[in-house]
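One structure, pasted below without further comment.
Labels run A, B, C and D following the written order; every chain starts at residue 1.
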Amino acid sequence: MPSQRAALYRVSASGPADVSGVEALFENGLDPKTVVAVLGKTEGNGCVNDFTRGYATSTFETLFARHGVTGASIVMSGGTEGALSPHWTIFCRDTVEANPERSLAIGVSRTPDMEPEKLGRRGQIELVADGVREAMADAGIGNADDVHFVQIKCPLLTLSRVAETEARGETTVTRDTLKSMGFSRGASALGVAVALGEIDLEEIADKDICNRLDFYSGRASTSAGVELADHEIIVLGMSDSWSGPLAIDHAVMKDAIDTASVRTAQQRLAEGKLVAVLAKAEPDPTGKVRGRRHTMLDDSDISATRHARAFVGGVLAGLFGMTDIYVSGGAEHQGPPGGGPVAIIVERATNP
Amino acid sequence: MPSQRAALYRVSASGPADVSGVEALFENGLDPKTVVAVLGKTEGNGCVNDFTRGYATSTFETLFARHGVTGASIVMSGGTEGALSPHWTIFCRDTVEANPERSLAIGVSRTPDMEPEKLGRRGQIELVADGVREAMADAGIGNADDVHFVQIKCPLLTLSRVAETEARGETTVTRDTLKSMGFSRGASALGVAVALGEIDLEEIADKDICNRLDFYSGRASTSAGVELADHEIIVLGMSDSWSGPLAIDHAVMKDAIDTASVRTAQQRLAEGKLVAVLAKAEPDPTGKVRGRRHTMLDDSDISATRHARAFVGGVLAGLFGMTDIYVSGGAEHQGPPGGGPVAIIVERATNP
Amino acid sequence: MPSQRAALYRVSASGPADVSGVEALFENGLDPKTVVAVLGKTEGNGCVNDFTRGYATSTFETLFARHGVTGASIVMSGGTEGALSPHWTIFCRDTVEANPERSLAIGVSRTPDMEPEKLGRRGQIELVADGVREAMADAGIGNADDVHFVQIKCPLLTLSRVAETEARGETTVTRDTLKSMGFSRGASALGVAVALGEIDLEEIADKDICNRLDFYSGRASTSAGVELADHEIIVLGMSDSWSGPLAIDHAVMKDAIDTASVRTAQQRLAEGKLVAVLAKAEPDPTGKVRGRRHTMLDDSDISATRHARAFVGGVLAGLFGMTDIYVSGGAEHQGPPGGGPVAIIVERATNP
Amino acid sequence: MPSQRAALYRVSASGPADVSGVEALFENGLDPKTVVAVLGKTEGNGCVNDFTRGYATSTFETLFARHGVTGASIVMSGGTEGALSPHWTIFCRDTVEANPERSLAIGVSRTPDMEPEKLGRRGQIELVADGVREAMADAGIGNADDVHFVQIKCPLLTLSRVAETEARGETTVTRDTLKSMGFSRGASALGVAVALGEIDLEEIADKDICNRLDFYSGRASTSAGVELADHEIIVLGMSDSWSGPLAIDHAVMKDAIDTASVRTAQQRLAEGKLVAVLAKAEPDPTGKVRGRRHTMLDDSDISATRHARAFVGGVLAGLFGMTDIYVSGGAEHQGPPGGGPVAIIVERATNP
């Protein structure tokens, strides 16, 4: 009886243009057609002038064109501060002849193109919520509780999109293109929260977006990119109709040093080999962690997101004993203020 | 029967000139005469142009002059990257009427002024080793195994010291004043190693200093300052002739994510309230942590020591659940390459 | 016949706590009582966590207390990027027996304490305009055209000031303390513009402050400090009732490379020795200089104000052939967007 | 009568992968076959982890492959600090039917592959000197005084090159790959000095390379790249056998603010439109400019080369009234310590 099966590969990169490890996978038999997504950590600053993301994306596009990979999401997150290690995580799925048994499932979807006036408003939340539901269906996940991580690549406003919108007599949430990235990430995360039943759409007003920090998804990870007008959505969860040794669970860190929550999630998973850790991190907006002042938000030499990735990277690397962890910044509505979601994927020692 | 007793105070600072928390201690009854040392973490970059150290030192000098504190070591370490929290740790000792029982002991000493030609050479190692033995005696510690942390403030070369030395027909180990800081820290750490029996002085040649990375002390923490020509030495350990609830142990982290060693040390200590964590951190000089590349040494935007403090700060803060930890960079011969010593001080729930 | 006479001293600093050059002036006969202001360039980042300003200020306070200097303004501006050189400019004035002849005049004033609800609003503009007129009177300058530079130290909002204001049923322009600095600098600069007749107060609405970039003073230089609730105002100009060799003029740079305007101002001044150059610099908010893109506003590694000081510092240092120039950032309403005021003080070869 | 003719195009870039302006040139008739070199300024940090250079190079390689450009040198220099503007300068040469008249000439050459043991030693100097002479011949320049700028892309040591060399029983000048870049740039610059008669080869010993700062070329600009084992050499000068409106001259700045030398060179050139300015900049190694301390070498937040480019960029942009200037750092033996060569290319209003 056939079932779907997920496979993940964590591949080291010696620089943003080094895809030799992925090429080696292809040469050693990985079928490029099974690739559905790449999540990369590159060594730029993860901020405005981080060109390592574009460089890596362009390198992967060339590689994928050469190997016939089509439709795969390419998500690049800049910033490997501290001892975090640049790497690519390749997500694959294939049909195998094996009985289904509760396992890691990967679903993908793309929303329709979004009118720029919806960005950062309830319209985007609805659009993304629909897309997440579609990706859940694609993954064969019926119960929202079985979803443990939703990665979304969302659009941003450009000057020409703002102009085009205003020419139609509409307004955009902001004319500031940088700020539009935060709005898009935030509304996308709230879209996840709505789809997963974490918040009711009716409770959210436009003005809450990027304001009401107590509204968040414990399973969303979103990033904005200039190259798309729709949303690329990847859902990771557990499904009874898949098979294989992989399993996923997640924690929601309450603050930057909340290892207890992560350890609990880790213990819920069966024994096995760690395959991937995916997390969001941000400086606590109160300026304190457990009552003690931090200086991230006042440091004009190093941006606060870099501090946060380095530090939370250390927290998680110390806990998991590995440094090629996906820690991403910019966590609007992704976990509680100062905390964030952490997904853990393991290869179970014995199949369930 | 009288015994010596140590007391430690961890005091938050809202900036490098904020000593209001220490003033409050004095107002609330702490006898300024019992203060023997301050270890501070300030929020500068911890590198060449970090003026927060001098600013804090100058502020403490004024405070201490006003309160009649004399002879106390003031050691300021810059860099509270990530969520590390700026704070002062005040070390006090006093005589109390209580039976001695194995407890935290604090010993201090100062070496004679050092001729600049000895700096970074075996002469400095010998001088420091003698000083450490003297501080051990001052602490009432007879067995080197009972020493868990040795903090040293050592001199550096200035242009005028180099000139004066050369005028006498001698040479200095370097004419580069910045490099002299590393040599002084390194030779001081090796002095600790010799005094504690970790390395035999005969094994060390001048050329090994700052070169033979396998030569190190697992208990040394050294920093260089321009304001002294001798060495200020603080020894922390366990002594049978002291009393009180405080106890200390230490670990040597083998690499930046070696939490196992730290957890083992923590378990050796009796249950109790965490009072202080003192650690050294550095980027692994091989460019890798457990086989995975890190980018700290190639980052021309953020100095590697800042990355290392942020990351190891996260590792330790996650482990201990607190962020006002003393994590200091510049770890020549202080722990193995890429790792470092970690001292843990607790207030035991029940006295021994 | 007695007249007032100004004297200026440009003193090198080897660090933010080095006032030895100023002490030497006192030892060599400068009367401390004649000191009315210090303008310092310190080597911090000039941004939020620049502690070199506070360190320098505290060092000068101690020095001034020791020498009986009272009431002198201490204005510290962080940031000596590029080859700019850390230095102090000491402004003195004294009465001499000499016929008055058109010369540099220095006037000072302090406004009453300002209610926090006025900050960043028209109330502050009026208050500052009054203060500037008072300082002009103090300088013996009747004609606003004779004013060439107005340095103002203005207050900012703190959390407690905001709370106290709201407790009285009033509101502040912002609750964001960092933003309040910009509002205070901007409104103060507009106060100068009003006092000097550059803009009519009636034309300015509250909402124009920090918004209408075409509203600016060509002679204002303002900085916000936490330590005051009023405004310290220093007016520099030409007065017929003063005497001595010093003279001042100013230019308004239209953009970051507008050397033509500066050269014209320089030529208006009599031949002589350059004594001081005082300037404001900022990144062009359009993202372009003369049609060519600059990258200052997109650089997440170096703050835009540091870029601007380094670059405009180079433009002016190349023009004047000296590097101990006062170039300050944060130029809201101080010169046109992307440009800024430049004051030039010379010691005339022959008295007028 | 046919002659050679040079053409230069200065093209703005909106990012390291934006070659749309160059494509537009091709579409508007520029023959790709005439392109001999690209000199680019990209907006990275110009230091170790500047991936904008590789990204731009890779983008140009794809563009050139598509348009049949072969053999063109691609030299990317990172760092557009201050208001410097990212741009490409395209160097072209073609044969035209026009009488020769003293004009800008461009010559190119490549040396044979260099054994790694020669790098940073006299062997490299000789090899480069031969290559420069060959490029002069290619440019039709017989007299070394007619050469005004020599751009060289030189190799560096990699770990595998060091290993291969040592396996043959030879040694390399260093095992430190970063340091090898400085040695290669320095020896290449001295190769230019030898070819142009600025220094006699016999005077230079191996140990002088990167040590004797008084040995320098006033016309060399060198950069090291990992992608080549030989040297790409571009000579710019005046030749009687070329034709066209372009002309070149150069200055050697004695320090960072030496505008006098540049102005003199500018005046030697005929009136005309400025086409390109090419310069090298570095922080003065004495820590002072004209006796005043600078802080570039002590700033652990911003690398000294970034400071130097921003500042000297300002000096030159102020002088020339334009911001898309090629200012490059890392100036070993390229101009005097703290100063550097500046080449100026103009399009003469009337042909000679």
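Going forward, contacts are C-beta pairs under 8 Å (C-beta built on N, C-alpha and C of every residue); 3 or more make two chains touch, one makes a residue touch a chain.
The chain lineup, named per UniProt: A, B, C, D = Cyanuric acid amidohydrolase.
Everything numeric in this text was worked out from a predicted model, so none of it was measured.
The fewest steps needed to get from chain A to chain C, moving only between touching chains, is 1. The rotation relating chain A to chain B, fitted on Cα atoms, amounts to 180°, rounded to the nearest 5. Counted by C-beta pairs in contact, the busier of B-C and C-D is C-D.
Comparing mean CA positions across the assembly, the chain most remote from chain B is D. If you average the Cα atoms of chain C and of chain D, the two centres end up 40 Å apart. Rounded to whole angstrom, the centroid-to-centroid distance between chain B and chain C, based on C-alpha atoms, equals 43 Å.
Of all residues in chain B, those touching 2 or more other chains are 43, 45, 49, 295, 298-299, 301, listed in ascending order. Within the complex formed with chain B, the chain A residues making contact are 12, 14, 43, 45, 80-87, 256-257, 259, 283-284, 289-290, 292-296, 298-299, 301-302, 306-308, 310-319, 321-324. Those residues of chain B that touch chain C in the shared complex are 15-17, 43-44, 49, 51-52, 54-55, 58-59, 301.
Residues 45, 47-50, 295, 298-301, 303 of chain B touch chain D in their complex.
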